[in-house]
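Working notes, beginning with the structure itself.
Labels run A, B, C, D and E following the written order; every chain starts at residue 1.
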Amino acid sequence: MKEYSIIGKPTPNVDGPAKVTGEAAYTIDMTLPNMLYGKLLRSPYPHANILSIDTSKAEELPGVKAIITGKDTPGGKWGLWRRFRELSDQQALATDKVRFIGDPVAAVAATTEEIAEKALDLIEVEYEPLPAVFDPIEAIKDDAPMVHEDFPSNINATRHIEWGDVDKGFAEADYVREDRFVLEAAHPCAMEVHNSLASYDKGTGRLTVWTSTGSPYFVQQNLAEALKLREGDIRVIKPHVGGHYGGKNSTMPDAVNAAILSMKTGRPVKIVYNRDEEFTTTEHRTAQNMALKIGLKKDGTIVAFEVKTMTNGGAYTGLGATTLYLTGTFITMPYKIPNYRYDGVRTYTNIVWGTSIRGFGAVPAKYCSETQLDRAAKDLGIDPLEIRRKNAVIPGYEAPGQYKFESCGIQPCIEKMAVRVKEKWPKLEKDEGIGYCAFAYMSGGIFNWIDTPYAYSSAHVKVNWDGTVDLYSQAADVGQGHNTVAAMICAEELGIGIEDIRLHMGDTAHAYTDLGAWGSRETLMNGNAIKDAAAQVKQKLIDIARLKLGENIAYDLVAKNKRIFLELRPERGLSYYDLVKDAIRANDGVPLTGTGHYTPHNKGMISPAYGMGIMAMKAKVDRETGHVTVQDVLVVHDSGQIINPLGARGQVEGSIHMGLGYGLCEEMPMDQGMLLNPEFVDYKILRTRDMPEIEILDVPTYEPNGPFGAKEAAEATIAPAAPCVANAVYQATGAEFYSNVLKPEKVLKAIREAEKKQKASKATGK
Amino acid sequence: MKQQLKIVVNGEPYDLFVEPKTLLVQVIREMLGLKGTHQACDSSSCAACTVILDGMAVKSCSVLALQANGKEVLTIEGLADGTKLHPIQQAFIDNWAFQCGFCTSGQIMAAKALLDENPNPTREEIQEQMDGHICRCTGYNMINEAIRDAAKRLQSEKSAQSGKGAA
Amino acid sequence: MAKHYRCPMCRKICAEHLDLARHYLGQTDKKHKEWLKTQGLSYAALIKAQVTEFGNKGYQALADVLKKTAAEVEI
Amino acid sequence: MKTIVTDFEYLPAKTVEEALELLAQHKDDDYKIIAGGQSLNTAMKHRLITPEYIIDIKGLSDLDYITFDEKSGLRIGALTTHRSLEKSPIIRDKYPVLAEMEENVASVETRNWGTVVGDLCNADPAVDPGPPLIALDAKVTIAGKGEERVVDAEEFAVDFFETLVQPGEMVTEIQIPALPPHSGVCFTKYSQIHGDYALASAAVLITLDESKKKCVNARIGLGGVGNAPVRAKKAEELLKGKEITEDLLAQAAGVASEETSPISGIEASAEYKKDLAGTLVKRVGKEALARAQKA
Amino acid sequence: MLIEGQFTLQAPIQKVWDSLLDPKTLGTCVPGTEKMEAIDKETYESIVAQRVGPFKVKLKFTTKLTEVRPPNYIKAVGRGADVTKLGNFSSEIEVKLNETSPNNVEVSYTANVSLVGRLATFGERIMRAKAKDVGDQFTSNLQEKLKASQTAGA
């Protein structure tokens, strides 16, 4: 592997000093002079016609500066699936009817948060409750209430994927099994709630919005649609973001209503959600019903696989339609599946909508497929690690018409795992088990539902006279550490230090488009754009260096360690800082600039590259309480050339934490569309004492599509965590799980079931 | 009716008037503009807003401001020595003990309270102290390592100082 | 030159009726959905058949109708 | 984020007398006593409670004490924080079970500011100190202006968030008798997540005779499995006067389980909690027995 | 949440039936009722105050009978809100009367209750427990009422 000066070296977070001193400003920390506070009045009904709204009493409250209802909004509908106009279904405030508990119906701006809150109590809304539907199976029935006009049977989106000859595959299989699963919803629970600050400039007609988002560009597009303004008249700035995890892709009513209220009052308006609003009205991981059928040969080779899923989409689309697609894709990875069929339906229902949460479809999908695979392995008498190795893809593997793995280290990962597990856990105690799960995940998605005419990623590099570099991009650091990665890539390419880079990120006014942070795309896509931009500047410096050195054209020059020199004769070179000065002087005083872009082409339907690996967990089950203790976690992953090992480790461990939550305790029980646990008191999140230690081993590969060979290292490890736990419990006790949250009561029931089954089979065996 | 609140925050004495319903976190964030202390829940269950009140880590969202009358508060803004970061802050950076950083101030303040009381905590002791803190990014292990690292730094700083004193 | 079939509602052309049925049911607009009614089919029923049971039942049912109705195109 | 939006009058007390005077004055008003306020503030933020007066007793330093002597036993003043109890050398020496209990109460931040008595008075059925105090045969002193009464810990909470404390009264102290020789006490709570509310909790005290064979006294307190903490008297009777074997403990656990009346919720069903209470009694009983044999 | 219960009353079925549909009886039997009146044959309006520890709820609600099959079956929907905007409340109630022997009526009820708003956020588990208490109290009140009216009638 190539030796880099910066890439691959553990590098502290460039935002570190700001974040450890409290100086880092998040949207929630921002205020503007003369600012008003906004609040949203929300529907208490899951489905109801709005008969009337009386705001007169609220308007009389001193301090209330504006109250708007649906009719006062510009009325533009928005969504991320702009290529399918009818799926742009979100609106600022409900006009005719509300579609879930929490759908906003009015917005207030007042001089204090307290007055705004009090004003909400004074608004009288008359509703006519309508029959509602909360479950995907009910939603597609003929007589189900319709959530949206023009969507009969509440079918919001469908997805079909097929390759090979599935029916023939099953006919040739020695072993076929079907399993049905019910997957629970889970909330991303970013620590910073959704919040936005909007400031409309009456004089210029321009709007500036600071918001906690993963994609300033998406917000800019959506605001333009919602407000019927030109995109160019809207500037969206992403300050530090207190967590994203896929829950901050869609533009939410906070941003839109803050903007409308600011346009109406001429004053800056800020809307901050409460934690219960965050839980009940922002996007979550979709609940779904899944059926899987798998056919294998006696030796464990998968010959056919069929998956049917119905997702409980909720009231609007968000990125749920993409999730539906990716569920059907990730469920096949990282295995060679010669014959595959997938059908998914996303249903509209009267709950808050589910969308693109961390793992983007892979999390429920892998839960089902990997627990099924363990059962199949047991029936066939094959070791669970061996069945995964046997079916794992190899470099160059292509799922027809869907995706292709270029760099691919899954086989070596599994081999390394087999060795390490033997060393690490040589003996199991009573009621202990080891669960495995192999995984793969994209490095940014090749989808254009947003219908952007621009390149997917871009970056602009400006080198100043003193050698400092201004790096501009709309790319979003949402905590994953992209700012550090961006600075590292830029510095490596220019052969300078991270301290030379000044970042200007996440502002739509500063840079060309970048689609933002989702689907683990920034390192590969934005990284390629940055590398491209920096390379252009580097080339200018090399050209000048070549002139000044007067060297033979056959010699290659490189930029490294703040010098530009002959690759084969490193002593012959010039200082980067000197060259920059010369270059700018020679160029009529114009700073050196480069603008890089990246859009994947001819890379299949999903992504240019995939991170992958295998996870193992050792867990112990308490047969009396049903408690599952995850004792130890081992991950072997291939994330290509890792840019920053510190950040990569953080991503892997954080993903495991969230994935374990999905597997053990995080759930969103609802009653008639109402969430029953919308506070951290009742929504259980694993704490530090609940987390096992995690060992991570790398199998580096070189990804030709990534900057410096890099690819995904962010989200892949969320999906395997829950199936690993379930499989560990299965290995320890035989308990089978058909849903994801292993609460003690559920575990206890499953263990009792398994004991009964074992007894029965013993009896018949005799 | 507003009442007098005398409070020392990060070494600065303040003489304020607050409504009785005001919470300590509101004084810190809104009246004093110290936005480094964050709030992430409405049910006192995340500890993001942790500050040190008379030497104890407390959740500033769950303390009435008037109950802090006459007391000393230390927030994240008061930790660094001028431009020199506190060893805990430096250890958090060097160990990648945060990602989005939103819960970090509270984590660091709790860590500070722990290390003041127990300069050489075990992993279990760190976990006990930090158990109230929700972090959605890190999975906690890197935070624990940072705190252990900080303990070492503080100890070597101390022994360096006492060494100087002896010389 | 091979025979292809055109979607009755848009410009989409597929080599197989089954593929055309997949395309058809993947559309979310009203126009596509409405035409099914004229053929005595229900969009929802076809989707339900496809997604609630293993196999390709929904697509096959539509493909059978398209065999009779889809225009042929030589390309 | 939520703040307290409803105004109240704030009445701080410096001494017990002042507090009782204020309580007497506002006996008929809509008031709440605040100590640490770790539950109260949240309830006020959510506007579930909107008192007109808040009587602040956090400043009653005269009630912040933990004392012990063999004759009168342990006294815990009403303003003792969870953390003081957890860290107290007296507790660690004489009643380590209380320190064990404290280690899993919410979080350090909550324990630093919240008081043990405040927690009892909030009377959440899953309150952590409830069961061990029942097992230790604790008494609670309730004072009003010019009067004082002492009630058994097991009687103290009467229902969800309701106690024997009447308008105009406050709790001033918890008393725990010195443990007789050959006694062992143990407490555990089970929640899936550390520091969370108990799905069920159990405390068992076992006192053995001179020979350390026969059980002369047993007390069992259970939490989270009724509208208030439960004392499992029938199970206690089963143990008394007998040599405790594993079988007997299992039997008693089964009886204790039947003495509970939990409700189903999103966290677990009533049946599960009932079952769990039995399991915990069995486990805790075994440990209490071992401790009694060593004592 | 689903609340279910069953109790036996010693009274003729017709009498139980009449009592159940009489707002005056209901008003005095439902604990905490401050007001209960019939708007028309199918609609009742009521205000009920409940207290769980420090939490006070004052629900104002309308009940509409949707199916009535004397003297065995009532189905009703209720909809209401807390007067201090603590939350909204809706319920679907089914009551079945079964005469097991003359003068012995088995009454079973199911109520599918949903709470919305602040009340629900923190109140679910408390409300569930409280519902049982309220149900028990209602039964004993009704029993006594029936007894009293029988004695009065005799």
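What to note about this one:
Everything that follows uses one rule, which is that contacts are C-beta pairs under 8 Å (C-beta built on N, C-alpha and C of every residue); 3 or more make two chains touch, one makes a residue touch a chain.
Because the structure is a prediction, the values reported are computed rather than measured.
The chains in contact with subunit A and with subunit B alike are D. Counting hops only between chains that touch, subunit C reaches subunit D in a minimum of 2. The chains that touch subunit A as well as subunit C do not exist here; no chain meets both.
Put simply, the chain farthest from subunit B by mean CA position is C. Ranked by separation of Cα centres from subunit A, the top chain is E.
In terms of their C-alpha centroids, the spacing between subunit A and subunit D amounts to 44 Å.
Work out the mean CA point of subunit B and of subunit D, and you get 30 Å between them.
Separating the centre of subunit B from that of subunit C, both taken as means of CA atoms, is a distance of 63 Å.
Centroid to centroid, with C-alpha atoms defining each point, subunit C and subunit E lie 55 Å apart. Touching of two or more other chains is recorded for residues 193, 274-276, 676, 679, 681, 685, 687, 689 of subunit A.
None of the residues of subunit C touches two or more other chains.
For subunit E, the set of residues touching two or more other chains reads 121-122, 124. Those residues of subunit E that touch subunit D in the shared complex are 52-55, 84, 86, 118-119, 121-126, 128-130, 132.
If you check the complex, the residues on subunit A that touch subunit D are 113-114, 117-118, 193, 272, 274-275, 624-625, 627, 664-665, 669, 676-677, 681-682, 684-687, 689-690, 743-745, 748. Listed in rising order, the residues of subunit D touching subunit A in the complex are 1-3, 5, 190, 192-197, 199, 266-269, 272, 275-276, 279.
For subunit A in complex with subunit B, the residues that touch the partner chain are 12-13, 15-26, 28-29, 188-193, 240-245, 274-276, 478-481, 646-647, 649-651, 653-658, 679-681, 685, 687-689, 691, 693-694. On the subunit A side of its complex with subunit C, the touching residues are 84, 86-87, 140, 142, 150-153, 155-160, 162, 167, 178, 291, 293, 306, 308-310, 341, 343-345.
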